[in-house]
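One chain, chain A, links the two complexes that follow: it is found with chain B in the first and with chain C in the second.
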Partner chain A sequence: MTERSRRFRLDPWRWLVLVPAMLLAVPVLMILLSVLDPQWDVWAHLRQTVLWSYISNSLLLAFGVGLGALFIGTGCAWLVSQYHFPGRKYLEWMLLLPLAIPAYIIAYTYTGLLDFAGPVQSQLRIWFDWRYGDYWFPEIRSLGGAIIMLALVLYPYVYMLARTAFREQASSLQEASRTLGLTPRQHFWRVALPLARPAILTGTALAMMEAFADYGTVQYFGVDTFTTGIFRTWFGLNNSLAAAQLAALLTSFVLFLLVLEQWSRRKIRYYHQGQKDTQQPRRTLTAGRKWLVFVLCCLPLLFGFVVPAVQLSLWALATWQVTLDERFMQLVWNSFSLAAMAALISVTLALVFAYARRLKRDWLVLIPVRLAAMGYAIPGTVIAIGVMLPLAFVDQRIDLLAEQWFGVRTGLLFSGTLFALLLAYSVRFLAVSLHSVEAGLHRIRPNMDQAARSLGCSPRQVLWRVHVPLLRGSVLTALLLVFVDVLKELPATLILRPFNFNTLAVRTYELASDERLADASLSALAIVLVGLLPVIILARSMDRH
Partner chain B sequence: MLVLEQLAVAYGPHTVVKDISLSLSKGQIGCLVGPSGCGKTTILRAIAGFEPLAGGEISLAQGVVSSQHYHCPPEQRHLGMVFQDFALFPHLTVAENIGFGLQQLSRTEATKRTRELLHLVGLPDLGRRYIHQLSGGQQQRIALARAIAPKPEILLLDEPFSSLDAELRESLARDIRQILKHEEMTAVMVTHDQFEAFTMADLIGVMEHGRMQQWATPYELYHKPINRFVADFIGRGVLLPGEMLDGQQVKTSFGIFAQSYLANLQQGEQVDVLIRPDDIVHDDDSGVTAKVLDKSFRGSHILYTLQLRSGDEVYCLALSHHNHAVGEMIGIRLDLDHMVVYPRIS
Partner chain C sequence: MSIRSMVVLWCSLIIVAWVQSAESWATEVNVYSARQEELIKPVLDRFSEQTGIRVNLITGNADELITRIASEGRNSPADLLITTDVGRLYRAKQQQLLQPLQSDFLNAQIPTHLRDEAGYWFGLTVRARPILYAVDRVDPTKLASLQDLTAAEWRGRICVRSSSHIYNQSLVASRLAHDGTEATEQWVRGVVANFARPPRGGDRDQIRALAAGVCDIAIANTYYLAGMMNDPRDQAAASQIKVLWPDQDSAGAHINISGAGLSAHAPNPQAGRQLLEFMLQAEAQQWYAEANHEYPVRTDVAYSETLQQFGSFKADTLPLERLGELNADALRLMDRARWR
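Up next, the complex of A and B:
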């Protein structure tokens, strides 16, 4: 036996990583493998009918949202990082608030506000004495509407990264360009913006991934995209393989973004070498411009958070006596316990993976961890299909074997149970917890272990006295982030939930689909409120920065 | 070329520098030294145009660029600046960094000037690299090249060597002085390291609490410091107590000396005489002896801390083969060719 293979066999860490990582990679691999059995007839049908609208709508949606988020996010980040204006200190973190609102919730809130029977059009009709057909009003339930809705809640991705990038540019850079003869405006275009470009691109790529992944909004607005197409092919045409193939096509778009994002992140690292963090002083503005900037920065916050939150609250106030019943409490319990379980599993896995990475710095650990963490880029719909296919297959086999051997039918052991849901969540959100835990572990330098050992601690004591206290914060953050993400998740839950098992997100979506917008408001508001927690954590870490 | 007159800068109600006057003619290198927080960097930033003036004025070749009522923006002053953190643009290559300020030139001219500068700073092959691929010393050279590429009238250097290690500092300082002299560049440098200032500067200004204490050549600063602060800040030395016999002579524990510098002292006044380590010569034949309290080996020299009979301590810089043990009595002689005397502050 060679030295290498012996080490490999004996090392439990490798198995602790390899087995769960492979399990988590299976859904995505299944999707990719599904293309090996092309469903030509379904594809021919799709090509003649809806395929091109899937492709064009998905691309238009992603690029539209990317562009919108880019403009709003970069613009606000620049204003907030460069100028003094009234309320700047508060707006700086409040601009993150739209992150708390899932896209499908903002979509149905604005529909309630802007459709024919909504308060805006009704008021217009009263003021101008119009009737139906007398006037033109933009249709919110359209591709354009979906783009605006998604951009309004996704721009914080760009804002957050761009703001940090602008703030971290040393003040000497601006002074250097001015001594070299550039005006402040030229400095923005030739230095500040190019320097922030990797950060802005990363944020935009993240926003576009979310746009590709969106199901709730486009379904509600009746826009045909890949995600709705996957649903329809699976449940309408009843062809799971073709659905998986559609999912594979969508995944390839997303992977392209993922490469872009990773590449940009590497660039950010290079761009922040050798610069001292002497922050640039903010510039003052004339009285008129000051208020103009204030208004500009308020707009995204107003439309992305305040308006929908107020509308939801008004609806909830009007309906809570009916909607706040035992069924609602059951929903809350279902959602919270499910999210808590998913968070625990995801963070446990993240801890194992992060420690394995720390102890074994080789590709045998690195690659499985990377593969398992890829899920964050994959749309929930795709992951759900990827989980469903193999589990259904396994269930059928077990059922068959059990009947043959023991004469009992086992039914659905995995696919229709919480197991399937938890697996899907783990695939989708492992990266979230891993990121947080790794960041925490990164702060514990190997020197600290050695220092503790030299001061007489056993490895176990090192763990308890050094690692646990230092990691506590990041582990709690990871738990919270996954908890909230699971709570908001819609498409995977919709596909994989056990029969008659409802969550807040699913119920919100179902009520909204039935045009019972006001009735949906209470569960929607609950999701938004819980969603505020991680945003507050983000905002606080931003201030510390 | 550069004239500061009665310059004052304030942050809000708080005056940081006040009453600064100095001038440099073309090709001269000036240095501002002083403890941290003395306002030296503020002066540099005021010259560059990053700080408005509360009083006085700054003139460059083109005329007044800063006064209380007028402020020419930095980009129109035509000056170059080398920053403490270099402030190189990480998204551009070395060549693009150097060419950054050459927008007025045609492309071929800019390329030519860039190549010329890469040669001048001794890094002709690094044009295509990115900043993060360079060492600290290389970054420093590129920062200098970028600043002087547009042929500014005056170059400002803000603690340019502070992020480099000691060994590199000295050789770079010498190289950069040569480059500046070659380009006939007028320059102002800020540093807290007097040896850097000695290596680089034609004229040095010593600052304390936002005031210019002395603006003079390195030789003058060392040998004729204008007050106790400058004497203490520049070089090493001790102040030996003495008494004025008349307007011309001082009596110390070393004997009586004629004084030729700083006249207005009264007979009988208590004074302190500045004694540099090189003013005291180790001489085995001398009748005056002192006890070795401490010694520190400096390679070619040994710096002795000696105790005189009177109990006063002085330094003596002796050639290093005069090796004496701590506690030994050695012969010394005072070799003063100019004397610096300050009235005693009681």
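Up next, the complex of A and C:
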């Protein structure tokens, strides 16, 4: 009897969530469980010396980047979705381009440009006959610099989600505001913005989590944050437990952030009808304002994409004879196929999880999903180790058992295969696909589910026949985001990949970390170009709708 | 794309990937290398050509490779672990991930202080970390020793990278081994007080800053300077800089090695040994050391032309093992002294 009632409670949907979610949660759980064995000695040392700078720098970085991305992303999304201005059609999708540039690459290129020995300052010194110390120039390698760099490449998260949200607001809303006497500005602040809040906050939260987990940029800029601290503690102080505890503290910040986001919209449910035919017409502007809006929308594109891409192209032009060899195309293919696989897996999981959450609003589903999605804020290396250890443990067990029972050694079944790599990507990027699928799902009225159910659809059919078509946009967005993220991902790829398996990111990093940025530029540029492909697909599908 | 075709694509991609990664060869040797692919692949290719043994390679950060070998345990495919500093080899040995290798050839070619006594690891190249200075602004006679860097006249004139980097940790560890905690902490505080700017960027950035006039003295590995001297874009900057070998009347200049060890569970120990011995042959030494302007460990192999310009020097003969032992102490000390 008890057996039957248990089975009843754990119906297929719960299983579908519990099993993969717990699998994905293992690395995060391993980190959280590390607090059970506190390393007092190391903590005392950290507290006396560097802990406070880790905390304050990480928080400043995340909130700075969040604010920057919020401001740029929402602003551009509003202008692009509401107004006619020159080049709008192109800018609409080109504003997504900075997404294809890895944060550490933009950091390297701007340093090359703006550093003391770089072309800008050198030219200034020649023009004005200055020497070192004669003049003030903003130091790019600082906390402020890191915030600007990260905001420039992360604002598309906010932009993409906010743009969709603004476009999907029915024109009847605007008409209603107008009849109630609201000016367009009041409409933005009091109607449009609050309605788009879930999408905007989701984008901002993603940007902030990415900022928390960033290692490449802060390490190069010499900003002490949690991530650099984790590596120092782990490899320098040779204490992996204390490092995991630092990671757990970082994770708790992110948990707090997510709870805050959920709490901020605790009693609000936003739905829309999914009717595209009532889309609002874009407004026209006076000639002067037209160009002002054009320039405003060009700025993030210019600094987030054009400048670094041009710099990379110049370097690549100077070095391509050396760096372009037959292995290069293999790198491109490896990166592309890996990113495509990871994107499909991650989005499939996100669809299942998000849908189960809609179906079963209880903690048995909520907690595993939330845990599984925590991986986004944890640095790639920590995730990689969190994946590697349990997989190797399973491998050893199977190997031992097979030897005892059958006299056969099975060796490593999972470690060092693409499976391990794909698992790590799923852990790291589930949050990205989940957030964007959930944001899409939130906007579908529950009465549509109910209508479909009353017409005889099973829950699964509701998913395939009602939600998936309505979710097309969000699913595409999720696919694109994960694809580009995996393409750029470095630390987990580096450590988990199989023998002789290289990607563009690995190649770029190896050269760039040796401060040979010019030689790294070709593969960096290839990451950008491969990343452009899905951006264009996405842009086209946006147009079609 | 319909859902069904999506699922089919998904499955087939995974199967293809699995089959691809499961291929294997008869005679092979598996290398886990913290040295970049670019710098090591040519030597490995040469080895494959001569012996017919296939070399499988993964590159990555040393610490992560060590973690990977440890987690793979007795099933680890790793035969050789190659790192770019001795501290990591020491750590791998401490974790019992390496096995001793008895090779008369290796013992004959490599000076005693550049290899493990019991044969757990062997140096492949030597990397030196001396003082670099701007020719027009520094009187080299005032800098006989690293100790002199704490003098008040160098206030605001020294560039060096972050203490997060192993090269600086090893440098401070070597001071600890020679001078003990108290003197070293005083020295570190003195150097930090003389920094021209908070540490940022890598060694090459320090050299560029030195050339541009941000500082007058830098501590950096010689191969960065050598690389810049051979790069047309950096030649102008590098030409204003000279190498100063410190502590020539006492312990000698601080050095480190890039080195390798045979993994404890190596599935192909014979091939691993062959590869290691191959890398110590004169020709390979010459090439391997020259590719990145490092010093060969074999005393009978000539330096690269660029390195000859830096002159010969007396190197510290401290057993490199000590650098590994003192790594964590060095880092804590630098934390206390606010060398960020």
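Simple rule for what comes next: the second predicted complex is superposed on the first by the 326 of 545 C-alpha atoms of A that agree within 3 Å, B and C clash if a C-alpha of one lies under 4 Å from a C-alpha of the other, contacts with A are read in each partner's own complex, and residues count from 1 in each chain.
To be clear about the criterion, contacts are C-beta pairs under 8 Å (C-beta built on N, C-alpha and C of every residue); 3 or more make two chains touch, one makes a residue touch a chain.
Just so it is clear, the structure is predicted and the values come from calculations on it, not from any experiment.
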item: Partner chain(s) touched by A:235 [first = chain B, second = chain C, both, neither]; value: second
item: Which of chain B and chain C A:290 touches, first, second, both or neither; value: neither
item: Partner chain(s) touched by A:467 [first = chain B, second = chain C, both, neither]; value: neither
item: First (chain B), second (chain C), both or neither touched by A:453; value: neither
item: Touched partner set for A:115, first chain B, second chain C, both or neither; value: second
item: Touched partner set for A:360, first chain B, second chain C, both or neither; value: neither
item: Partner with the higher number of touched chain A residues, chain C or chain B; value: C
item: First (chain B), second (chain C), both or neither touched by A:282; value: neither
item: On chain A, positions contacted by chain B and by chain C; value: none
item: Touching residues on chain A, where the partner in the complex is chain B; value: 170, 172-173, 175-183, 190-191, 194-195, 197, 270-276, 278
item: Touching residues (chain side chain A, partner chain C) in the complex; value: 45, 48-50, 111, 115-117, 122, 131-132, 141, 219-222, 224, 228, 231-232, 234-239, 337, 340-341, 344-345, 348, 381, 384-385, 388-389, 392-393, 395-396, 399, 409, 411-412, 415-419, 422, 464, 468, 491, 494-495, 497-502, 506-507, 510-511, 513-516, 518
item: List of chain C residues in touch with chain A within their complex; value: 3, 6, 9-10, 13-14, 17-18, 20-22, 30, 36-38, 56-61, 63-65, 67-68, 71-77, 91, 162, 164, 166, 169, 198-205, 208-209, 211-214, 224, 227, 233, 237, 327-328, 331-332, 335-336, 338, 340
item: Chain A partner contacts - residues on chain B that touch it in the complex; value: 48-50, 73-81, 83-91, 100-101, 103-104, 130-132, 139, 146-147, 150, 152, 156
